[in-house]
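Starting off with a structure, shown below.
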């Protein structure tokens, strides 16, 4: 290899190692900063007990439950709508109306989350409050509806990509045998697209878990184990944003890094699953 | 119509889903526009200062969005300046140099990085501040530079991925042209491969700028504050549009401040729309150039 | 001249974007016979077949005008009329493509697939018809012990016969074949040709082929597609 090439290769390699180092450093820093708590040896307690600093309890279990509940519900809200939209633009109306819908979905990814949150606060929350005549309207239901909307572009685009990857000759086979659109979907497209769709679902779930603004702005942020749709809840992300203002030397503050590690672990696990399904989708 | 019942149900279901998604989007935008369009005046941005004086920094703007807009602008500029060289170089390495084993490890790490929630990236930025604070004898606080650095980490995997994909999707014939004429690998990359994949890369960069403009979670942990004025240096606190919107949504003192928040939301939406249209336009331009009609006969 | 007409085409035009692919086609096709279509490649022979089962509707930019009528035992019916669902038409007009396209499922399920599509639930009946279709396509002896295997593990010639068996399982009235032997070896070609001769007793077969020897061997009629027009092959004495 030519000398210049080797210089470039070394420089680019250095840059890659530096970039990849960020991934490791994020985890490393958080572990380092939560060491005081870990040394005290109550990690298990933190992960399994409620949050009540006044009584010396610093558990993040309610927040973990809140995060999972909100992510799960928003996926539940988003899944059918996203599936319908993906059918619409890949199978029923691949040109014209479908192409237009796809453009809009792409645009939705560019709309700032804080705007969804803002409209949530001033439009959705009052509506929910009025409709159920209960509480402040800042609740799991409001947050999961809005979060469902926020993650739907991820789902739709993954679904539509998986549908479009189904080989044309399979579709021709069904068409030439006189299959209806529904039969084509059921017998060929869904079985073929399934791994890719799973990838999208896992990634969308990860996005929902990692979102801060929607939860922070419209889920009410009360530290409760989620039990009803109209209850308020607090997610790990919102917890970090809220406790952040506390005294840097307090135990509350050090717990933040444990929350961060838990979030890191949950989203990374999601990425691992997504990579696994994605590999299966491509093979 | 003569379609089968399941087909008709499927069609109905899809139409219903498409229409509800579109109406949700339009309700959100329509709500903002209806409530906020009246706020879009020069005063919203510049308060009672003359626009030219504000832009030339002759007078400080109080009660306008100008500092927040300037903060967002500097934030985008600075984080892109930090993320761009690193991201481009890593993307090029992955696409053109990396042996398959190294590539697997690196792309795994970048995938993890892209999945880290922005609030955790913000927390990371903050922990860096704590370390620097200890190291530099208490002179480093959360500030514009730390925010920009954290945002750079947030968009880094985007830039790497778009660069890598743009390069890898170039046709083999194009890849081999320059080497066949005796070009070195570096020359091939800089004279042929990068220029040919430029529109893909730029379109990805603009999307990354959009993410810098819209992210709130990172900056609220690393130096964004409610009032700071135009940032004096990279080591001072700053205002930013998304943080302002978030802050005002819960802390507004009355209708005038709420109006300003609507105005700020509209301005941010317009900014992100413009970035999106640019990014899309550039990608489309590329596709139009290479498009041909496939012949299925 | 022909007593038994299966298909009548009148004023048929096929456009692809701004290009005319087929121009003012007027022909009749005989029942229970093999009609071959030949001509230079890229001239629209496949498009012609796709008119007959309306598969052209899946091609972006394609447009067909004119009349196509078929006789499915109740007199001539317009295949474009709105009361005929396209999937019903395609159950009666089967198609075999140039490259075999087995679905990613077992051999058995592939053949049973058109029956599933028609809503057949009776397992014994399905099993019977799968066996009958495989026997018709001379494939039964080769695959009867491996019916549960993925169809994509078969050889090219076997896959093509599988696709024919699959088309036959629906018991179509008309069978369209788009150069079905072009990707096969000599031996497989002969098997398929014998099969077609046998099949014309129960089916009307339209075969796109550019092998003149193949047409000589098996076709009853030959049409040539060139310059967007479809004409009888005058070189071949025994035609229309």
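The letters A, B and C name the chains in turn, as written, and every chain counts its residues from 1.
Everything below uses one rule, namely that a contact is a pair of C-beta atoms (placed from the backbone, for glycine too) under 8 Å apart; a residue touches a chain by one contact, two chains touch by 3 or more.
All values reported here derive from a predicted model rather than from experimental measurement.
Compared with chain A, which chain's mean CA position is the farthest off?
C
Quick check: more C-beta contact pairs in A-C or B-C?
When the contacts at A-C and B-C are counted, A-C has more.
From the Cα centroids, identify the chain that ends up most central relative to all protein Cα atoms.
A
Can you check how far apart chain A and chain B are, centre to centre, with Cα atoms defining each centre and the answer in Å?
It comes to 18 Å between the two C-alpha centres.
What is the distance, in whole Å, between the centres of chain A and chain C, each centre taken as the mean of its C-alpha atoms?
Computed from C-alpha means, the inter-chain centre distance equals 49 Å.
Taking each chain's centre as the mean of its CA atoms, how far is chain B from chain C in angstrom?
53
Touching two or more other chains, which residues of chain C qualify?
85, 87 - these are the residues of chain C that touch more than one other chain.
Listing for chain A: what residues touch at least two other chains?
180, 183
Mind pulling the residue numbers of chain B that touch at least two other chains?
Each of 3-4 in chain B touches at least two other chains.
Inside the complex, what are the residues of chain C that reach chain B?
Touch residues, chain C against chain B: 16-17, 21, 42-44, 46-47, 59, 61, 82-85, 87.
Which positions of chain B touch chain C when the two form their complex?
Residue positions touching the partner: 1-4, 293, 295-297.
Inside the complex, what are the residues of chain B that reach chain A?
3-4, 6-7, 9-11, 13-18, 20-22, 24-25, 27-28, 31-32, 35, 85-87, 89-90, 92-94, 96-98, 105-106, 108-124, 126-128, 130-131, 153, 156, 160, 184-186, 189, 207, 210, 213-214, 216-217, 220-221, 242, 245-246, 249-250, 261, 265, 268-269, 272-273, 275-276, 280
Name, in rising order, each residue of chain A that touches chain B in their complex.
Chain A residues touching chain B: 1-2, 4-5, 8-9, 11-16, 18-20, 22-26, 29-30, 32-33, 80-85, 87-89, 91-92, 97, 101, 103-108, 110-119, 121-123, 149, 152, 156, 180-183, 185, 203, 206, 209-213, 216-217, 237, 240-241, 244, 248, 256-257, 260, 263-264, 267-268, 270-271, 274-275.
Which of the residues in chain C come into contact with chain A in the complex?
Interface residues on chain C, with respect to chain A: 53, 55, 58, 60, 85, 87-92, 94-95, 97, 99, 101-104, 113-114, 116-118, 163, 166-167, 170.
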